[in-house]
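To keep things simple, chains are lettered A, B, C and D as they appear, and every chain counts its residues starting from 1.
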């Protein structure tokens, strides 16, 4: 298997070069901290509860492409597939803080948890309020009684949207945390991969799949899923993902949901739309109403091919924050 | 044979450790590709390259500061799980040398013990979950058991014990970190972080045996 | 070379299934004409100049994902890489027409030109005003003295954004046409491919590139570019694209531009951000100011890997329409 | 030997043509992969499958209506450049049969001539640009030159001339359609649309020779 074909300069410098390009792409809407891979909105209002997001790089536009109005106030960026270090998180948190404290929002991985926790301890020493909500939406990662062990995947996007809206409107860190916790309690996702991605610096694919194989439940860094299967039709893939997702929360007749289908990298939107067709048939059959659909490329795993499906059960409060306008390089709505 | 390490030889040893690990990047990459996301090699390289340049540019006048400088460099530059746990090992472990001009066998055992304790607290894991502490734990116990024999023997015993620790991780099912989702499929593969511990101790053993 | 690995049902039914999924994904904001692959906004205001876009499928979200508020009012969809037929265009035009006439906006390809022209003749027989603007932004496709021979590539996105805004605000078809013509006169693009895409129904890659080769100037259906080269660093690729684009209009010191980098399918956003870094260095050197940057996945060529760069020179009028809020499945801004 | 085609035999011939082209989908795909976007085969298949079902379900009481039904089916179902030009060929060409109960040699030559004229107008091309008209042009001229010899000979001469037309497109540089950007690299490859014309005429030749 030949090395993945990528248009890069020095593979060791992908993260700093990417961040330089990312800052430029925001046309003045954010800036980078000196000497640290952290991005901060230029226009955080005074007295706003701050929302700091972050995680490993290589999943662009997640996380650092989601800094903007009614989205994250800042992002702490790690190396490819590696959580940011405590000092990056610490400085980013101080830069976004407007006196009302900082909500940390990130995917639930051992590396992120430890590094964000270390930063939290440093910030608490400085008297800054920090609360943490970890995204744990991947139903493939652990059984329902151990949701705290689940990975964060494309649920990140709705979590940032909801927490971004809540932190723009609500006046207290604890209220924003409450809304974010409500959101994550109502979000479930699962993915499928048909081809692997690679880390630019090693040039090696992170797993191997045969020409006729798919992996159901694949994680966002190539972590093993729950089943390796033969290729099957889109409808059958959708059926399997939806069965797992629906029964997990569970989503019930009469529920209203937001639906997000995320491209892991190299899958065509045509495939995702065909999958959406089946998902809507299933939801209609189950009597579940879709309030809003998002289909696109938000949490990628380098050149991995595959997608994930995310459902968020809505109440009026979540719907309100979901429907707020937002603007960032990676996700905007009117 | 080195039976005590002052500030200068601590620094020299940690430089040797850094170079030893950096040279084994690919091996660590492959270990992490088998059960993780394939970045452990480049992560450790980033950390120890930063350690090397920190040791060169920062003032290191005690063994404690030498180990702390290394830990801080790893913590800030490695990222991921490894940055947190290896950074913590060296930073928290360095406290065992507080107020001391030199490291002896007892000091070295104490370094592993306090490093282990801090990593356990940070990572929320216990031995048997297929992590780097499955190499530190046996190493710390072996070091303590051989304390009377002098530093080089203590380090050698720790290095040896860590290798058995690495072997033992083959038979463990990961319940934390990226390998967790593999479940039984993680069996047969050693833990990458545990391998890194064994490399670090091996380099220390070589240093204390010959320097 | 094995068949591309895609999650599909019947490859002969990709277009109707995709359209079903697309309509569902719009959550009531558009509907499909009976028995014809055409999508129409449900809320076209009375008396609005209508904007009809369209073209072959397989480029999702282009075109049919760009129907929405301040974007297209309707889309006529063809089969994969094949222009829609005159009857689809004709019925779609009648459905979007609100008495003020219809602007046709599509990429300049022989098939599209002929089919849209046939529909135009049918509509004119019915007394409906139709004007046509063809997107001709690909500088690789013909020399500057033959811009009318150029293909339409990612310039489509800015064209739809500008014409969508203009058709929402301006009261006459001819005024909307004027703005769209001004836009296309100021847009230049060029792409590069590193891997080919395939048509689902044939399962065959549309071209072949060696492991170490790239093609500069590749078209949006795999049409040949201007040079096949050895892989080279991102900065060198950016330099070559920018040289061709900048000297073509030409863009000059003091100009203000919008910049769009479009993923042809399987390229990572990390690569595009790294390319953006270099592009901004070049623009800074040339004294050209960037008003707005868009980096994402809009005009795809199935699983093709590569990207294109688009520059649009702005004046106050174009800037106004570019900056208007917009909402569609494939492109939104606040 | 068929020397005139009434409504029924026109329909039968067009059904034979449709099946003949449909069976050659892959060959047309490969021709379009070489210099275009690879969809010409499936496009022609879509068009002629629609033609077959239209011929089955719609009333066809004159040769004109049989050809028009086919042209309309192609126009609505093929899409792309081929839908426009092959749809136009059959629709505009059918007018040559207006008011006639049967097609003879003169009628067939007139079909090709009026079809050619309409395609040229629609596509804005002239012969020599490497398109399907480079097969129709020679076919139309051969048909006219052999008009005195009866329908089957006229069709045979057209079919033969179209094949030379296809061969001639190998030496042409495309200046329209998707192949245009290839420039000199389009040399050596025949034009897919021209091949389709030769297949259509070949099937007509077989039909008129044997039926």
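Everything that follows uses one rule, which is that a residue touches a chain if its C-beta (ideal position, glycine included) is under 8 Å from a C-beta of that chain, and two chains touch if they have at least 3 such contacts.
Small disclaimer: the values here were computed from a predicted structure and weren't measured.
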item	value
Intercentroid distance (Cα basis), subunit B paired with subunit A, Å	32
Gap in Å, rounded to a whole number, between the CA centres of subunit C and subunit A	28
Subunit B and subunit C: spacing of chain centres that average the CA atoms, whole Å	54
Overlap residues in subunit C, where contacts from two or more other chains coincide	none
In subunit B, residues with contacts to at least two other chains	none
Category of the chain touch graph - line, ring, star, complete, other	line
Interchain contacts, given as pairs of chains that touch	A-B, A-C, C-D
In the complex, subunit C residues that touch subunit A	2, 5-9, 14, 17-22, 24-27, 57-58, 60-61, 65, 69, 192, 194-195, 200, 211, 214, 231, 233-235, 237, 263, 265-278, 280, 290-293, 295-297, 300, 302-303, 305-307, 325-327, 329-330, 332-334
Complex interface listing, subunit C residues touching subunit D	56, 78-88, 109-111, 114-115, 117-118, 140-141, 149, 151, 199, 201-202, 204, 206-207, 217, 219, 221-225
Subunit C-touching residues of subunit D, taken from the complex the two chains share	29, 33, 36-39, 41-43, 46, 75-85, 87, 122-123, 176-183, 185
